[in-house]
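Okay, so subunit A shows up in both of these, paired with subunit B first and subunit C after.
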Partner chain A sequence: MRRVDAVFWGVLAAVFLAGLALTEVMANEYYFNAMYVILQATIMAVAWNILGGFTGYVNFGSAGFFALGAYTSIVLDKALGLPLPFLILGAALMCGLMGLGVGYLTLRLKGVYFAIATLAMAIVLETFVNNWSYVGGARGVYLLTPEKHLWFKSYIQMLFVAMLGLALGCIAISRYLNASRLGRGLAAIRDDEVAAECAGVPTLRLKLVSTTLMGAMMGVAGAPYPFFVTFVDPLSAFNLFVAVNSIAMPMIGGTAHWLGPVIGALLVGTAQEIITVNVSSELNVLLVGVMLVVFITLAPQGIVGLAQKYWKRRRG
Partner chain B sequence: MSEPILRVSGLAKRFGGFVALEGIDLEVRAGERLGLIGPNGSGKTTLINCISGALYNDAGRVVFEGRDITRMAAHRRARLGVARSFQIPKPFRSMTVLENLRVPLEYAAWERAEHSRITDEAMQVLELIGLQQRAHEGSAGLTQVDMRKLELARALAAKPRLLVSDEAMAGLSSSEVDEILGILRALNARGVAVIMIEHIMRAVMGFSERVVVLDAGRKIAEGSPEQILHNPDVERAYLGE
Partner chain C sequence: MDLFSNAIVAGILLGAFYAAVAVGLAITFGQLDIVNIAHPAFVIVGSYCTWIVNSRLGLDPVLAGVLLTPFFFVAGAAIYRIYYAAFERTGQESLSGLAFFFGVMFIIEVVLILVYGVDYRLVTAGYIGDTIEIGYVGIPYRMLVPCLVATALTLGVWLYLSRTFMGRAILAVAQDRLALQLMGADPVRIKQFAFGLAIATTAIAGALLIIIGPVEPSVGRVYIGRAFAIVVLGGMGSIPGMIVAALILGVVETLVGTFMGPSWAPAVAFGVLLLTLAIRPSGLFGRQ
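And then the complex of A and B:
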């Protein structure tokens, strides 16, 4: 194993163990709530970046994938009463399929047209759920928090640890993609699709891998959501803010590097939590907007891009 | 005479009502140097788009090394050994020069490449082209002539049997043209057949063993460079009546 790989896996293990340790020493449930929200945003950002950052297709319909994941787990829970891991798996499959479908859109739609199509997809899904009474329709649906929570002190602690594991898994996949042969193929598509095709890159197949992976990850982020909030309605699940956040976080962190969306999500997510609690929940929406504008104008390569420039200058 | 590696027969391409190419027959033998000339808008780039797979032709067949590739996707043609450079350079801008070459090595030539030596192979191509000093620079910041070289290097990294060079020299100075010509000759000496599309007559006539002339989507002449230079139809196509 290369040294950087060893460091990476070491850090991942350390973070997971630290999360486990927190459940032993920290009693205040609010902190687990807050960290859950940040981790959920991290998965969404990492997922968005696989298509948006690595492959160059902007997805505006992230909320659609997220909500599809949430509703898939509601249906599976209601119909079959499956335990959480199976709900997550089911949501990943469902949203992966949805991603595959969206991938075929790239055959005809590029750039802004693709972005509009993904937004439309989210709206179609929302209309569908609004009129589906089995999952509560527009009224929404209440869920009971399951009583079992393994050896953890409360259900939210268990959800937090599950989400931590999932987020770390997504980060590991994204990092592997970024540096692999597959990742170079995706980058070639982002830079110039025609030239990529002529260099032997099977562009359609790679785009399908990218959209499917993105969809599945977003489904994973959405699947535990119903048990986190215990009340889900289309308005909150399909919230445009979910989509905006999953674009803004990678942009702020830097889209070209796997670390970008992670940094962006941790930074923006934490700031949002602090502002929501201490100032107002309206102001945190403004924060994302302002940060996005500032970064796009002053540092279009994001925080990772700034850091890379700084290192280059110091070395050269 | 050796077997043709590329045989185009009865090829036609229309864009809506506009006939871009009609009844094109073309053969290229292994290791041959073929010049493709014609006035602007005569269909040269459309023809090589149909050969490389960037566009599908409406009628006719394209056969490469005995295989019908008429309906084959561009990336699969690249794997078989058809490579092209673009008239307007299309580097992978987020990558360094070296990484640009990794893409065709890892995709088009993957089955023929030594997987553990990709970087070495990329460096060899860069040395042949004369870009080794730029290997670790970003490709977006290259000069025009280096950008053209990168186009050829990337095409070469796909380990082609046939290279289509689409106006690799347009806008370059006389000495730069000679440099690119030298590269193309070196490639050809390694057994790669070259189709050269060029407006610079000195280059294309000096380079080609055989020249094909297109005008308004049709092939109007074919022959040795001397024959083409003295062909009245070609003169008419370029200069008018």
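And then the complex of A and C:
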């Protein structure tokens, strides 16, 4: 194992253990709520970046994938009463298939069509859910928080630890992808798709792999959401804010590197929690939009890009 | 039969209005290759400006929309300047440019909510509320007036693009940018003018939207699908194709709304869009 790898896995294990330790020492549930929201945003940002940052295709329909994950887990819970890990698996499968389908339909065309198709997918899904009374339709659906929560003190603590594990898993996958042969193929597509095709990169197949992976990860982020909020309606699940966040966070952090979306999500997510509590949630929403536009116009490489530039200059 | 013929007529009226919403996008997305996903958000801004002018000064909403066009033109030209400097010049438009307009759309919506709240706003004019009856088909004026104004707007833009010097220059920049440059014309200036023109049409489209019904900030989202579906189905930048596509969408949407329930209507546009992309991405009138 290379030293960098050892450090990476060490940090990952340390973060997970620290999360477990927190559930023992910290009693205030608010902090677990806040951290859950930030971790959820981290998974969404990492997932978006697999397609947006590594491959260069924009997904506007993140909220659609997220909500599909949430509603898949509602249906599986209602119909079969499966435990949480199976709900997450089911949501990953469903959203992965959705990613594959949308990708298969539009990725042979120009990238723009894929972006618009993802937006279309989100609205078509929302209309279906609005008209499907089994999952509550437009009125929404209430869920009971399950009684059992393993050895944790409360259900939210268990959800937090589950989300932490999932987020770390997604980060590991994204890091592996970034450095692997597959990731280099994706980067070739991003930089010049025609050249990549001519050089023998199986572009369509690689693009489909990355949309499927992106969809599955977003489904994973959405699956525990119904149990976190206990009330889900189409308006909150398909919220445009989810889509904006999952674009803004990688763009602010930096899209080319696997660390970019993680940094972006942690920074922006923490700032959002602080602003929502201390100022107002409307201002928080506006701030993300403004930061997104400012960053992509003035610093398109994001924070990671700025840092890399700074280090290069210092080394001479 | 009664219901059916009423739905067809209402669909045609609605379709003509959709053409006015999409005509600006046909210029930016179809001709200039700028994926202005914020286009419907500008239409909503047009509606709100019309509402302000109408409620403060008591001007007729259509007149208000027309008076607003110069301001929208300037705003559009300025936005294109930013877009060009930040993305087009550096070749970043495919990823960052898209995200830029997405961000602009989001900011417009949130600012409108922050300033005016999520209440529905409406305009007043003498003709809103009246209906003319022809046989068993009823035509409300709040649909007829937008239909007529929208038709005038769409045909005006079409004539402008195909008959005038500047219009042909816009078509030329879409076809071959380099050749235009070799002729001594500045493609950036032409594109800036065209983008301004496209945003100017949203002022009128916004005025028509708020005549048809009350408007709140998030209404724009449904129009993203409608506008893009119309432009793609119409064959990317072909104005006659776009008019046909708008009428088709208006009629299909009204039929679905009448016979399946209005809550299904938003899915129609996006369904049409997905189908077009999957089956015939070059659209009805597109060049293959």
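Following the convention adopted for this analysis, the second predicted complex is superposed on the first by the 312 of 316 C-alpha atoms of A that agree within 3 Å, B and C clash if a C-alpha of one lies under 4 Å from a C-alpha of the other, contacts with A are read in each partner's own complex, and residues count from 1 in each chain.
What we mean here is this: contacts are C-beta pairs under 8 Å (C-beta built on N, C-alpha and C of every residue); 3 or more make two chains touch, one makes a residue touch a chain.
These numbers were taken from a predicted model, which means no experiment stands behind them.
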Clash-or-fit label for the pair subunit B, subunit C on subunit A: fit
First, second, both or neither for A:60, with subunit B first and subunit C second: second
First (subunit B), second (subunit C), both or neither touched by A:256: first
More subunit A residues in contact - subunit B or subunit C: C
First, second, both or neither for A:138, with subunit B first and subunit C second: second
Touching partner for A:244 - first (subunit B), second (subunit C), both, neither: second
Touching partner for A:290 - first (subunit B), second (subunit C), both, neither: second
Subunit B versus subunit C as contact partner of A:15, first or second or both or neither: neither
Lowest C-alpha to C-alpha distance for subunit C against subunit B (Å): 7
Shared contact residues on subunit A - subunit B and subunit C: none
In the complex, subunit C residues that touch subunit A: 35, 37, 82, 86-87, 90, 92, 94-96, 98-100, 102-104, 106-107, 109-111, 113-114, 218, 221-222, 224-225, 228-229, 232, 261, 263-264, 266-267, 270-271, 273-274, 277-278, 281
Touch list for subunit A against partner subunit C, complex: 52, 56-58, 60, 105-106, 109, 111-113, 115-117, 119-121, 123-124, 126-128, 130-131, 138, 240, 244, 247-248, 251, 255, 282-283, 285-286, 288-290, 292-293, 296-298, 300
Subunit B-touching residues of subunit A, taken from the complex the two chains share: 181, 184-185, 187-188, 190-192, 194-204, 256
Contact footprint of subunit A on subunit B as seen in their complex: 52-54, 73-76, 78-79, 83-84, 86, 90-95, 99, 102-104, 106-110, 154, 157-158
